[in-house]
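Please go over the structures that come below.
What follows is a pair of complexes built around chain A, which joins chain B in one and chain C in the other.
Then we have the complex of A and B:
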């Protein structure tokens, strides 16, 4: 019993370490490769190296590495949370993980309907990936969600799903949907269709990036203000930006913590609404019944 | 170190990010929802089984309680019937015994009376025989003596008197 207990605890500790390790690794990478820049600079992700591929090559950037770290970290977190769960819950983490599962499932079936009940893991994945990616800025790391490519990838996947479920009502029905309410609206409808993923991507990306930009601007402004007001202090004291203490932390609370979680929630919500909203349930049901009827007739004639 | 522009679209990065979300989805589905759902389903099943067992046990208890109540209700009647039956039987037997005893006693009395009558008859016969013997003896005696008529008469009278006294 004690031996089993000890190995159980050892695996627990190992999983916690493995959960934290990717984040710590990218933090160390950032510290090792960081070059202090002069003045205010607002740039995209730093490029480590570029793989020579067609279509402009693949730059391996901070956002790539950070999102890989997030995925690894979440993978080990999943393993840790489900380690040792039993039919009779005996750990607090089991209660937590069951709460998470039930909450996401009820959220998904509430806003998408029972047909999409299997979407709970997908929505949970979006929530976790987006929130943790945005929260990386809390550690001073580059948040992958402030890279348009990352969010655009997610939005395109959502767009593919939306279109897939719209096509379930039949291709004719899908194409007919563009000419409604009148034929002249077709270009606008096509534009609206494309606008969905674009707006989703830009909303998320813009919110996270604007947080970073505002943080940089405020820090620079406070530094200037500090040297203006406290520059008369003797020696090294005059160079320490005292006014930078405090205020950026409060702003970070909003821009990193609240905005990060909020954007993750909004992205997940929009995903659910767009997928289930575009799905022509009546048409799908009608076609399914027709197919079933045809199949039955076929088997009858075969008999 | 190089940096990207703030907005720099790269197809490969978009594709990788798309795949990343898919991978994340598979991880969450397989390693979080899979085990948790399995445990929850198992728990639901065992809870259902428990409820079912409890319901069955309750039904069983209810049924046996009803059976016992029925039995208790009929027990009084059964006991009364048994006692009545026993009483009747006992009465019957007692009557029989008394009747038998009376019959036996009657028989005994009758036999005793018969016996007495027989004894009386025997006694009478014996007396008669005695009388004859005594008469013969007297006759002998008389014959041996000188017979006188007066004597004779007197003797027989005496004798008969004696006999009557006896």
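Then we have the complex of A and C:
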């Protein structure tokens, strides 16, 4: 073992620890501040404290802290995965990362076209953030995606991108698009424009929230059933919720793992389709040609 | 007073049940249609199974959206609406007295 090798391994371990640290910190925070509740209680994200700002207070909630933890964790995971990459792949993690990058790039260029090939990092970031946020409920934490504010933020970001690429075809064409096919349809078209981010946000949030609500209801029902079956036993034995062991995990397999990953995929897919679908490629190309022609004429006259 | 609160709670529960119950019909029929057509397509062209399956799952998830909306509304009706409505009622009655 050379000295360089040892420092390499030390950095690796440090990065793994830093990857796991945010999740563990959030878990500890949850355990420390958890208020035991009687019976079924379904509440929104807990508010830790409120930042006093000129325009009303800004509440710092559990979902914000959890999503910040996910972002930090992903950041250190990326650092760990790309640590010590070489031109010729010699580690397993580099091969894995290259596979992921190639898959994302091919997915993005397949569904968005070659013009948007540079969008692969953005799409991958949305996918990873959404999937990991939903998977947080596996640890018993509050998944940030079951708070509509977080998902609505992403949807607004996507909406801004959609509008930006629609405006690339010219403001006049963008405004004219609202009166298609006839001008009576204008209110409906405006509604449809606003409905895109709203439906994206509600779809993701509703799926994750319904999963966690059903999990809470099932857990309460199993507790009731097991106390009904074992309630006649004296002392501590009567209070063991034996049906709650393992059974909710089967449901969690669908609602947390499958549904969470599925929704992340769908959110990313819809982002890609909406951004590339709204982009008027012919119009943009025409304008670009015109601009180029004008530039050439200008340089000619200057000469 | 108790009667009024009872009516509020009952109507909230009734509305929640009707909302998800009726709202689940559409996505159910739609997803069934999508899956049956996908099965037909795979039967006709078994080599296109991957593309058909991923498109089908995508379409199913989008067809599910309206069902999810009704589910969100019934969750709100069960867990959020009764408190708000009861508070409004109590405030109105106490302002009358």
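The rule is short, and it goes like this: the second predicted complex is superposed on the first by the 299 of 303 C-alpha atoms of A that agree within 3 Å, B and C clash if a C-alpha of one lies under 4 Å from a C-alpha of the other, contacts with A are read in each partner's own complex, and residues count from 1 in each chain.
Here is the rule we use: a residue touches a chain if its C-beta (ideal position, glycine included) is under 8 Å from a C-beta of that chain, and two chains touch if they have at least 3 such contacts.
Values in this document were obtained by computation on a predicted structure and should not be read as measured data.
Annotation for the three-chain superposition on chain A: chain B and chain C fit side by side.
Between chain B and chain C, more residues of chain A are touched by B. In the overlay built on the shared chain, the residue A:209 is in contact with chain B and with chain C. In the superposition on chain A, contact of A:296 is made with neither chain B nor chain C. Of the two partner chains placed by superposition, A:7 touches none, neither chain B nor chain C. In the superposed model, A:98 lies in contact with chain B only, and not with chain C.
Of the two partner chains, chain B is the only one touched by A:121; chain C is not.
Shared-chain residue A:106: touches no atom of chain B or chain C.
In the superposition on chain A, A:90 contacts neither chain B nor chain C. Rounded to the nearest 10, the superposed model shows the Cα centres of chain B and chain C diverging by 140 degrees about the centre of chain A. The superposed arrangement places chain B and chain C with a least CA-CA distance of 8 Å.
On chain A, the surface patch touched by chain B in one complex and by chain C in the other comprises residues 42, 209. Per the touch definition, chain A reaches chain B in the complex via residues 33, 35, 42-47, 53, 55-59, 61, 63-64, 67-68, 71, 74-75, 78-79, 81-82, 85-88, 94, 97-98, 100-101, 120-122, 124-126, 128-129, 147-154, 156-157, 209. Against chain A, in their complex, chain B makes its touches with residues 1-25, 27-29, 31-33, 35-37, 39-40, 42-43, 46.
The touching residues of chain C, when paired with chain A in their complex, are 57-58, 61-62, 64-65, 68-69, 71-72, 75, 79. On the chain A side of its complex with chain C, the touching residues are 42, 199, 202-203, 205-207, 209-210, 213, 262-263, 266, 269.
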